[in-house]
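What follows is a pair of complexes built around chain A, which joins chain B in one and chain C in the other.
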Partner chain A sequence: MTRQMWLKSLPLVVLIIFLCIFPFVVREYFLDVMTFLLINLILVASYRLITTVGLWSFAHISLMSVGAYTAGLLVIRLGFSFWGALPLGVLAAAVTGLITGFLVLRTRGYYFFLATFAAGEAIRWVYILFRNPFGSYSGIGHIPRPAPVLGISFANPTTYYYLVLGFTLLSLAIIYRLENSRIGATIAAIHSSEPLSEAIGINSLLYRNVVFVTAAAFAGLAGVLFSFYTGTACPGDYTFFYGINILIFVIVGGPGRFAGPIIGAVVLTVVGEALRGYLELVPLIYGMILIVVVLLEPQGLVALPKRISSQVEKWTGRRIMR
Partner chain B sequence: MAMLQTVRLRKKFGQLVAVSGIDLSIEEGELRGLIGPNGSGKTTLFNLIAGFLRPDSGRVIWQGQDITKLSPHARVERGLARTFQITTIFKEMTALQNVVIACHLHTGTRPWEHFLRGPKAREREKAVEERALGLLETMGMAHVKDQLAGSLPHGYQEALALAMAMATKPKLLLLDEPVTGMNPVETSEMMQRIKRLNEKGVTMLVVDHDMRAIMGTCSQITVMNFGEKIVEGSPEAVSKDKAVMEAYLGVR
Partner chain C sequence: MQTGFALQISMNGLSLSSTYALMAIGLTLVVGVLRVLNFAHGELLMVGAFNVWVIFAARDLPFPLALIAAMFFVAGIALAIERGLFRRTRGDPFRGFVISLGLLYILQVTALLIFGPREKSVPTAIPGQIEMLHTFVSIQRVVLVPVTFGVIAGVWIFLERTRLGRAVRACIQDAEAASLQGISRNTMCAIVMAMAGGLAGLAGGIISQTVKVGAYFGTAVIIKAFIVVIVGGMGSVGGTLVASLLFGFLDSTLTSLVNPRITILVDVLVLLVILAFRPRGLFGRD
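And then the complex of A and B:
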């Protein structure tokens, strides 16, 4: 790797090192916050993937729940191990995404948004209506932590944190790689102009399905990690409001760049934590931040550094950033 | 057997019959022109052949096979490609990236190979880039390969769109108003390019308003009006035809 590449990846390396030593430098409470944040990063990055092909889904959190319920039930009812249940949970979410996609991916724009909302709610209502095996409103409980590996117990929040960290970094790497491959370029082309893409032989429906199913798989993964952390899975965990939060993270951070939604998730989680004592205010503050961002910098927080540096350039006549 | 045939193709928009029972037949190697006044239905016919519209009745036959129900990309896979009038290129990508994407159909690499970026995929990517560069060179655009397509002058954008269409290795190319908005020099250049490509073996159907460009380049011309074919023949025959003069000039 060239020196340039080393310098560019330095911040990322520092960040990863920080994340690795994190459990040893903070109180346990923050470990909990960070675990949820990491799970949200998987959600936010996979959600953004769907937006890169021009679609805004409202079924993402419901697909997350499919992973949670499937893996949870496999362990509780059928005695699977966590490591056996996890891929099956992911697969179940992907298959559900495939079926949902088959039904809704011929629609676009607002219709797509509403159709995915309907699909998401339909999934949630399956849990509510079928007390056996889904447990209706109370859901399923007593989901055990993964069995100890090499004598280290996952009941320990630090160990579970590393488990989630590993999956998060892996997920982000895969999604990033996907975006920067030929597949990602094809998706960008479809987003730019679907008729033109069709006219050069791109099967746009196929690509939209691939994106949707892939995103669903990652949502399912997040669901498994989430439910095995909290030990439960119930319809109340996977509501409209969780979906709105993810949407706000993505928009505030900026869906145009890979790092955008991640920044959005981090910033808004910090804000949410700062309002720890005033939980009722969180939706209000989130809403206000959303409105401010959409009005002042529609491309999201991720576009701020460039905005600021070009403004400063205008004032001082000197270049600040490359 | 004709390369492309439409059989009693019909399309209505509400009460308006845009295309009423058109029988069109194009032989391999032809450079056919399709002209007609505004509202004659030629754009609708064009979109029906390309697969962007479904007919109310009638069929589109490609090399003996009924492709009426096929989506646009499936038609491109079979060698029937088109260009556009408005969104002709991907504005946010460079000229080279545009052509590379258009080469997508013929890279031979499976999607997961792209994702893993193994040596095979990388090799093929290089070959694709070389092919794309070659296509840009034939359009005289190699020197702007890294410029954003949206910032190119109009004539270059049209040439780029043509390069992208050629990248799909079409057997028949449908050209949608390729010289609209061009000055006489650009028009002449573009029509020359089209003629050269036709001589190299690409059958073409060109729709346009520029009568002189079409008459000067195409060997056979089909004239439409009010959704129907009114005349078909050589440029000389068509230019002297009374029905054509009536359609365009309202002269009796």
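And then the complex of A and C:
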């Protein structure tokens, strides 16, 4: 590794060290907030993956819920351990994504968005309509925390936080690698010109399917982590509004770059926490931030440093950023 | 008895179809002309419903007056949204759609702050029932369904028989070619957005007779309009009407024969199967 590469990865290393010592420096409440934030990071990063093929889905939260319900039911009804239920929850979400994708992936634009919205609502109604086994509105409860591995228990919030942190870092790394692989390059080609990429023999429908199913799997993982943290899985956890929040995180941060949605989720979570006494105002503020960002900086917050530096350059006539 | 049952299903079917169409036509026209999917359309319905609650239920003024007031009020809001927000993002309609997500939250919280979290019920405007073929049908429905279809017919005549309507259709077909013919894009967008708002206000007012009015009224009822719009094909008013009838009668039959709560599952299944074969809906153009 050259010195420059070291310098470039330094902020990331500092960030990871910060996340590792986080439980020791904050109150339990903020640990709780951070755990949900980490789960949301898996959601926004996998959501961004779908947007790289030019599609905007509204089924992400419902696919997340498939992971949550599947893993929860396997543990409660069939006596699975967390470690056995986790991959099956992920698989169930991926399969649901595959079936949904098979039906809607030929659609584009608003059709895709609304079709995934309708499919997601239908999934939620399945939980509500079929009391057995999904428990209708009250959902399923008493999902136990994961069993100890190698003597490490995951029953308390701190150790569970580390479990979530591990899965989040792993997920982000996999998604990042995927994007910078040959598959990622092909996806970028499809996004920039579909007819051209099809002309050189790329099966764009197949790639859209691969991306949608992969994203669904990560959503499922997020769902499993969520339900084993809260100990429940109910329709009220996976609402329309959660779906809109994820969209807002992604757009406010900026879907154009990998870091964008992550920045969006972090910034808006901080904003949400700042408004803790006025919970009902949070959507209002999110909506306003969304509109202001879309009007003033459509590339999202992630493009802000560049925008500011180029403005400063214009005023001072000196280059400050290469 | 058999005929009575069939009558019941068709009356319900007509009633549902008319409200679906009323919600969906505005939505589809806005996609057609502005190229923006207004995800906050349901919140416009909610504003209309609150209008009716304030004027008719709280102030005790006549129901028709409340409906007309709702139409104008919501049309005004829609016009303001077009002028203030969608017009700025015309070069990239997707940004308009994103803005509508923010609007959804803003309108909901505003309603929540003004009216509080408790849902309000609007009393029946025209009480009473009449007996037809051994079946009781509410007078309300006998009056409102023809009124709704009358409004839809009015929209249809406007689009098909007037110069302005033809300009709107030209805009839907090809906005650029239309502006080369001297059709002002700004005017068309304003007209269509105001129309969509007016129809949403009316629809919200009518639906407030059967669904309780609260800040989340829109998110509860709008999904059917979305289903109708994509099955019909975006920008196609005829397709929207056909899809409204299809889902209105489907839902009515399912409600009578099986269970009202199963309708959403069957509707979505029908939608997905149609989209698998026709990705742009029944009447959408490529």
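Structural remarks
The working rule: the second predicted complex is superposed on the first by the 319 of 322 C-alpha atoms of A that agree within 3 Å, B and C clash if a C-alpha of one lies under 4 Å from a C-alpha of the other, contacts with A are read in each partner's own complex, and residues count from 1 in each chain.
The criterion applied here is as follows: a contact is a pair of C-beta atoms (placed from the backbone, for glycine too) under 8 Å apart; a residue touches a chain by one contact, two chains touch by 3 or more.
Since we're looking at a predicted model, the values are computed, not measured.
Shared-chain residue A:181: touches chain B; no touch with chain C. By the touch criterion defined above, A:312 lies against neither chain B nor chain C after alignment on the C-alpha atoms of chain A. After overlaying the two complexes on the shared chain, residue contacts for A:115 are found with chain C alone; chain B is out of touch. In the superposition on chain A, A:192 makes contact with chain B only, not with chain C. In the superposition on chain A, A:203 contacts chain B only, with no contact to chain C. Contact comparison for chain A: of chain B and chain C, C touches the greater number of residues. Of the two partner chains placed by the overlay, neither chain B nor chain C lies in contact with A:95.
Look at A:103: by the touch rule set out above, it reaches chain C but stays clear of chain B.
Touch criterion not met for A:275: it reaches neither chain B nor chain C. Here chain C touches chain A in the complex through residues 31, 37, 85, 88-89, 92, 95, 97-99, 101-106, 108-110, 112-113, 219, 223, 226-227, 229-230, 234, 261-262, 264-265, 267-269, 271-273, 275-276, 279-281, 284, going by the rule given at the top. Chain B contributes residues 50-52, 71-74, 76-77, 81-84, 87-93, 97, 100-102, 104-105, 107, 109, 111, 114-115, 117, 121, 125, 164-165, 167-168 to its touches with chain A in the complex. Of all the residues in chain A, the ones that touch chain C in their complex are 100, 102-104, 106-108, 110-111, 113-115, 117-119, 121-122, 125-126, 128-129, 240, 244, 247-248, 251, 280-281, 283-284, 286-291, 294-295, 298.
Chain A makes touch with chain B in their complex at residues 177-178, 181-183, 185-186, 188-189, 192-193, 195-205, 210.
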